[in-house]
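Here it is, the structure, as structure tokens.
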Amino acid sequence: GEVEVLHWWAAGGEARAAAALKEMMEEQGHTWKDFAVAGGGGEAAMTVLKTRAVSGNPPAAAQIKGLDIREWAELGFLTNLDSVADAENWDQLIPPMISDVMKYEGEYVAVPVNVHRVNWLWVNPEVMKDAGVEVPTTLDEFFEVADKLKAEGYIPLAHGGQPWQDATVFDAVALAELGPEDYRKAFVEHDMDVINSDKMEEVFAQFAKVMSYVDDDAAGRDWNTATGMVIRGEAAMQIMGDWAKGEFTAAGLTPGEDYLCAPAPGTAGQFTFNVDSFAMFSLTEDEDIKAQKDLARTILEPEFQTLFNQNKGSIPVRTDMDMGEFDICAQASMETFKASADDGGLVPSFSHGLATTSYIQGQIFDVVTNFVNSSNPDPVKTTDQLAAAIQSAM
Amino acid sequence: MEHIQRRPAEVARASSDLMDGLQRWLPKLVVAPTFILVGIGIYGYMLWTGVLSFTNSSFLPSYDFVGLDQYAKLLESERWLVASWNLAIFGGLFIGICLLFGVVLATFLDQRIRQEGAIRTIYLYPMALSMIVTGTVWRWILNPSLGLEKLMHDWGWTSFSFDWLVESDFAIYTIVMAAVWQASGFVMALFLAGLRGVDSSIIRAARVDGASLPVIYWKILLPSLRPVFFSSVMVLAHIAIKSFDLVMAMTSGGPGYSTDLPAVFMYAHTFTRGQMGLGSASAMLMLGAILALLVPYLYSELREKRHD
Amino acid sequence: MSQLELRDIRKTYAGAHDETLKGINIDISSGEFLTLVGPSGCGKSTLMNSIAGLETITGGSIVVNGKDISAMEPKDRDIAMVFQSYALYPTMSVRENIAFGLKIRGMPKEEIRQEVERVADLLQISPLLDKKPSRLSGGQQQRVAMGRALARRPKIYLFDEPLSNLDAKLRVEMRTEIKKLHQRLKTTIVYVTHDQIEAMTLADRIAVLKGGELQQLGTPKEVYDTPENLFVASFMGSPSMSFIGVTVERSEAGLSVTVEGNDGRELVLPAPEYLESWVGKRVVLGIRPEHISQPDEQKRDNGMVTEGRFTVEVTEPTGPDVLAVIRLNDIDVQCRLDAEHPVEWGEEAELMFDMRKVVFFDPESEKRIRP
Amino acid sequence: MSQLELRDIRKTYAGAHDETLKGINIDISSGEFLTLVGPSGCGKSTLMNSIAGLETITGGSIVVNGKDISAMEPKDRDIAMVFQSYALYPTMSVRENIAFGLKIRGMPKEEIRQEVERVADLLQISPLLDKKPSRLSGGQQQRVAMGRALARRPKIYLFDEPLSNLDAKLRVEMRTEIKKLHQRLKTTIVYVTHDQIEAMTLADRIAVLKGGELQQLGTPKEVYDTPENLFVASFMGSPSMSFIGVTVERSEAGLSVTVEGNDGRELVLPAPEYLESWVGKRVVLGIRPEHISQPDEQKRDNGMVTEGRFTVEVTEPTGPDVLAVIRLNDIDVQCRLDAEHPVEWGEEAELMFDMRKVVFFDPESEKRIRP
Amino acid sequence: MTDVVRSGFRPSRIAIYGVLLLACLVYLIPLIVMLITSFKTPMDIRTGNLLSLPADWTVVGWTKAWSEACTGVQCQGVRGFFWNSFKMTVPAVLISTLLGAFNGYVLSKWKFKGSDLMFGMLLFGCFVPFQVVLLPMAATLGKLGLANTTAGLVLVHVIYGVAFTTLFFRNYYVAIPDALVKAARLDGAGFFTIFFRILLPLSTPIFMVSLIWQFTQIWNDFLFGVVFASGDSQPITVALNNLVNTSTGVKEYNVDMAAAMIAALPTLVVYIVAGKYFIRGLTAGSVKG
């Protein structure tokens, strides 16, 4: 049968990984119809997907994540994958925290591809050494270190001024300040007591302080350009998910030596996850349905998981994998992932749509990015705005 | 006897009536496909959007009516206000500056310039580029660390600073710059064509009346290009409304949402935020604003025709 | 009140291979009314534009009151012009159109208002003052164009077919107004027209152009009665002069030429003595319609008047007169008959030939044979 | 060769608030030549377009040979028309322009060629056959437009000012051609013109329109000599008739009216007997220029002819005649004098008033007072 | 009118030339930047600046963009998409122009009750933001079975392009005297004969305007292309977008710029070659209102 796959892995390692998947499918006698729509973190792809669905002609699989999966399922577009899941024993392979996201009313409708850790701090050790500082573990340390770096003429924090990047940093600061419990209350359950609290004001205050170490030209910069600044030693650190590793790898750097990965300040032992997944749409042709199921199965097979995640910088969703072939950052990530899943330090990343609906996510983005870009940021007022924004979107 | 004689005539009349009927309907038949297509493709969909704006459609269309809620939400949304205000700034400046450049360049180019054809082509070519390309290039040129600023620093002018692209208060003006770069040549072409179309004896008359060249352009030629102004405004408004691509390629609405335009707002809410009702409401407000601008134009257009 | 000299004016349009004006020499004295006539495309408008400074001349010079103005800007020449194509400013009202030139010259508002109203009255366009030109009929537009020129008091007026679009009645009225105006202001005027009557009645002198060359310059009477050549003769007068090829003969009574009617009947017409040297040769007899008419007692006793009977081929009553066509030497010849004594076509009529004013041309050079 | 009836034709343009044609009734008999005259904008072209079927009429009916064709498509009406604006097909050569209508009607190629050449010869445009209209002068274009109509043999020809752009000489020639053509073909022709002479000389009958209403329908002579009302009287004739307000008086010699010259001298003019009922009342005396002339022996013995001395205000020699203006009852009155006895302006002249053809109007209704 | 404006070397003329040339420079800089960047190596780009010439000229960017760069799983450059764009643009341009010509003809020469209103409504159609119509159009295309076909895409472009073409033709034909049509009707020509024999031969300038305008609009369109074209029939703008919006790896600006140039080439050529017809066509009447 034929699988048409809508994705936004248009270039680089991702594209190579996707190409591998294509090959695997073709080996199984299927045809792969590529439907790549790059740009805007998948915004364009979502638009295309919606119109395709409305025209009654959705692809077999589409890159959809987080709560959007539930929305699509609710509208009845998605197909039931339980037959594959049961056969492959997915429930055992995938942590419940993640498999929950893939399910709608207890049935699998999507396949997870990988797990990204969002709260990473990427560090250029040369620069740190040059300034005579250590990798910070708390926010306060971060501020100290950053001041010194600044004095040495480095940009302390590399950053790209796009709403989702602003939110990514905010995500990390919020986790550090609120702790996993309150983070979940605020961004998953939308508990107004937490959202509209002094603590949240503090989060904004700290966030503002973190952002003050960003250079002036950040606006509109792509995240990988920012990573390039760390690689070239113009900047010392970047708070970004583990996909940033791809950039370091492409530059031929070795983790642990040429660059360091550390938990974002104040979030050691905690793990904000971001899972890429493919939702499977209801199809009519038996042939195609078979191909679709094969696709679902292939994605979770160790062979693909290894290949893909090595390229993408993430870790496999299967907790039973041998991490030996992975680099130390991935290994560290896997460790924390497993540990935090048990001690409650594992939280879904709101900035990447795992915690809340795209509407609320967007509202938070608006408040956060506006805060970053306002000429005199006011944490108190912004907290009110955040509460109002979330309230209106609920 | 009489009715026998009349018959053939009647038959002839009937068949010629049929032909006449066809002739009479032909024009309508010819335009019918267009109007069916446009009727559905524009007005049908507009109606549908209008209906959606009264529902709480989120992810995909649904038909739970909530009255004017979405509009109320819209008017409370700060981002919407920013977007609308941006459209006013962007539209106003873009159209105004394009007209100004277009008029000035056309006027100058009308002075028997050597190599006029080549210069004209240079002014006109940006129109050939897609807004995505324009946006990408300008984003690069205006980027302080890569583009113009760096160039100036490299050339030794180290105090030069131009960082509007990354300043939320000024970023919208960089979009105006890029858009003007793209469209002003086209406006120039429109005006040049208009100037060439003016009856030369009017200029002769003005010269005999004692007017100097600037006075002739200012008092005689430009006023008589009123229809060209209108055509230009129409084309520019069309481009302004469609400059979604440009904004996306240059700033994606940033920094923050300081360069948001209603189209971007609508797109974001309809397609990425799953707020189709709100998106539809914003589309309706946008259409309303366009209507308010367009109707007077059409009115004056049709009224003027009648006096010819 | 300015004297205008055109000295050997030449003009070749850029890109054209023919010279449009081939050396025009005209002296126009101060206060004179000169009309310029000629077939379409002969260069009348070009000459006007050159005088106004709207076209650069490629040769010769334009001298006003002894001063060469050939290189001056139009606005400095102090000339007002009515354009053949009206050239009204489309965005201005009639009032503004008329006032424009005055405003530019800095006339005070109140004076402008008065002047505009005076001119509008004169041209019967007062009710139109606030309309836009596009809403006026051709004739109304033309009067506005005239108003624009008349509002000023320039050294020289140039009128390029200013009445061509008026209906017959208004045209006569306007003609009279222009005549009065000229008599009052005594401004030098150059006036282009294709209307015979206009040319004849308005002008102090007429200049006849053809193909960019001056054919004749003279008073209306001179041009009409003693045309220099065949072209001028055929161009002036409507219906135009008829041209009959004849041979000059000598008989006892003096010189004569013979014409033959349709039916073969011949008529011997007396010819003037100055044709002496042409005896036995072919000449072209130019005879105007009004020289062939019904017998008139008063004229009969003149030696240069003869009568003959001819068949009338076509008759055309024009109101006051009847135009008739007879054939002489196989050529259609127009005659002007009295409307009161109608002749039907196909009938024979007794016609009187008044040879006092006929002209003769050399068939070779087409020049008039001078007495 | 078709009889054409216009029955109460009404036309209101879409969007216009005034009716353009207000019920026109004209019967045109088969083979008749009707000219349509009237001031600009009176609806002449509209009427022509309506007959051709190019404008739908909003009332009345058009009947050809007894058949109502009001609802027919233009192409089925078998009418040919010359447009005021020529309407030449710009992309076609002159030849193709003329041939277009024939081709569409499926005439064989060879016949078309012959026909085109015949027409081109007639109109003197043979050398232009392969040119594009844009390269022709206005007059040439107009002849092509005429050629396009003449190439066909329709039931009815409509000519909308077909000669307006020709120069005087060519115009006279073309006029004669049209006249001959009509005499040969005997096709029904409706002809619009603003040229007095054309209207008078070509027409079997003239229809005078004003503001969409028929003012008078009659032979040229009727319209000229016995105009129905002031408008027709002033419209026909150039220079136009002069109108003098006078009071009808009775003296021993019969009825009379008195006019007063500029210098206060009075002249009693004889008036016709049919003014009997107007004695003591004001009437308008309409007198044409040719009715006031220099004394003529032949006319003098008529009771309706009087003489008087008046100061001539303006003189305008037109070539064959001299037009003079005198003032009677404070009105400018045109007279037509003989060119051979010139009068200078400001001089006194003995003038003869021929009252046989003057007309009188009721000042209220503006209608002519009928005998 | 140029014939009236006298040339000569006055200071004002020097100023005029100065302004015009300065403007030329401003208009050209982005193109120059694109061009020289496309011939640089990535290294060059990082070390040099906007206007510095390439240290060594290389066409790597171009060849890569044309046949190697990845736009999804395929890494065959934009080559294939280039032809996709042609397949979509040519029919859409032709159909919309033809429809526009017919509409313009009817709306100017065969007016009927309500035709002005129709024209107004059509004009208003130029101003609908395309994002609004995506979803309903998708549904419609789905129902028609045209979803994700080139035919469907062509249809979409025709619908949203015909308003402008109609506007062009209508304004052009309005300036052609009605008397021509009348004369032809009397000559016996019918609706189509008049159009094809009389008006069409006159329409070259406005056809050029319409073709150029439509070609650029449709060729440069991204939104409809990305939404209504399926995977392997996507137009070049979508490929360009995929290529430029790399989410990982070092940005190869030279490839980006070369790809952008490739995408812009056909429209640039059209403008440069046919630009003079464009002005001529505009002068011939379409501007007037």
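Chains: A, B, C, D and E, in written order; residue numbering restarts at 1 for each.
Note that in this section a residue touches a chain if its C-beta (ideal position, glycine included) is under 8 Å from a C-beta of that chain, and two chains touch if they have at least 3 such contacts.
No experiment lies behind these values; they were computed from the predicted model shown.
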item	value
Shortest contact path, subunit A to subunit C, counted in steps	2
Most widely separated chain from subunit C, with each centre as the mean of CA atoms	A
Rounded Å distance between subunit D and subunit E, as computed from the means of their C-alpha atoms	57
Computed distance of Cα centres, subunit E from subunit A, in Å	39
Centroid spacing, where centroids are CA-atom means, of subunit A and subunit D in whole angstrom	92
Contacts with two or more other chains, residues of subunit A listed in rising order	40, 47, 50, 54
Subunit E residues counted as touching two or more neighbouring chains	3-4, 134-135, 137, 190, 241
Multi-chain contact sites of subunit C, meaning residues that touch two or more partners	54
Residue numbers on subunit E that touch subunit A, as the complex places them	69-75, 134-135, 137-139, 141-143, 147-148, 226-228, 230-232, 238, 241-243, 245-251
Complex interface listing, subunit B residues touching subunit C	199, 201-202, 204-212, 215, 219-220, 223-224, 226, 307-308
Of all residues in subunit B, those that touch subunit A in their complex	58-60, 73, 76, 78-79, 139, 143-145, 163, 165-169, 171, 248, 250-252, 254-258, 267-269, 271-275
Of all residues in subunit D, those that touch subunit C in their complex	39-41, 137-139, 167-169, 172, 176, 179, 194-197, 200-202, 220-221, 224, 234-240, 288-290, 296-298, 314, 316-320, 323, 325, 332, 334, 336, 339
For the subunit A and subunit E complex, residues of the former touching the latter	4, 7-15, 18-19, 22, 32-40, 44, 47-48, 50-52, 54-57, 222, 224-225, 228, 243, 246-247, 250-251
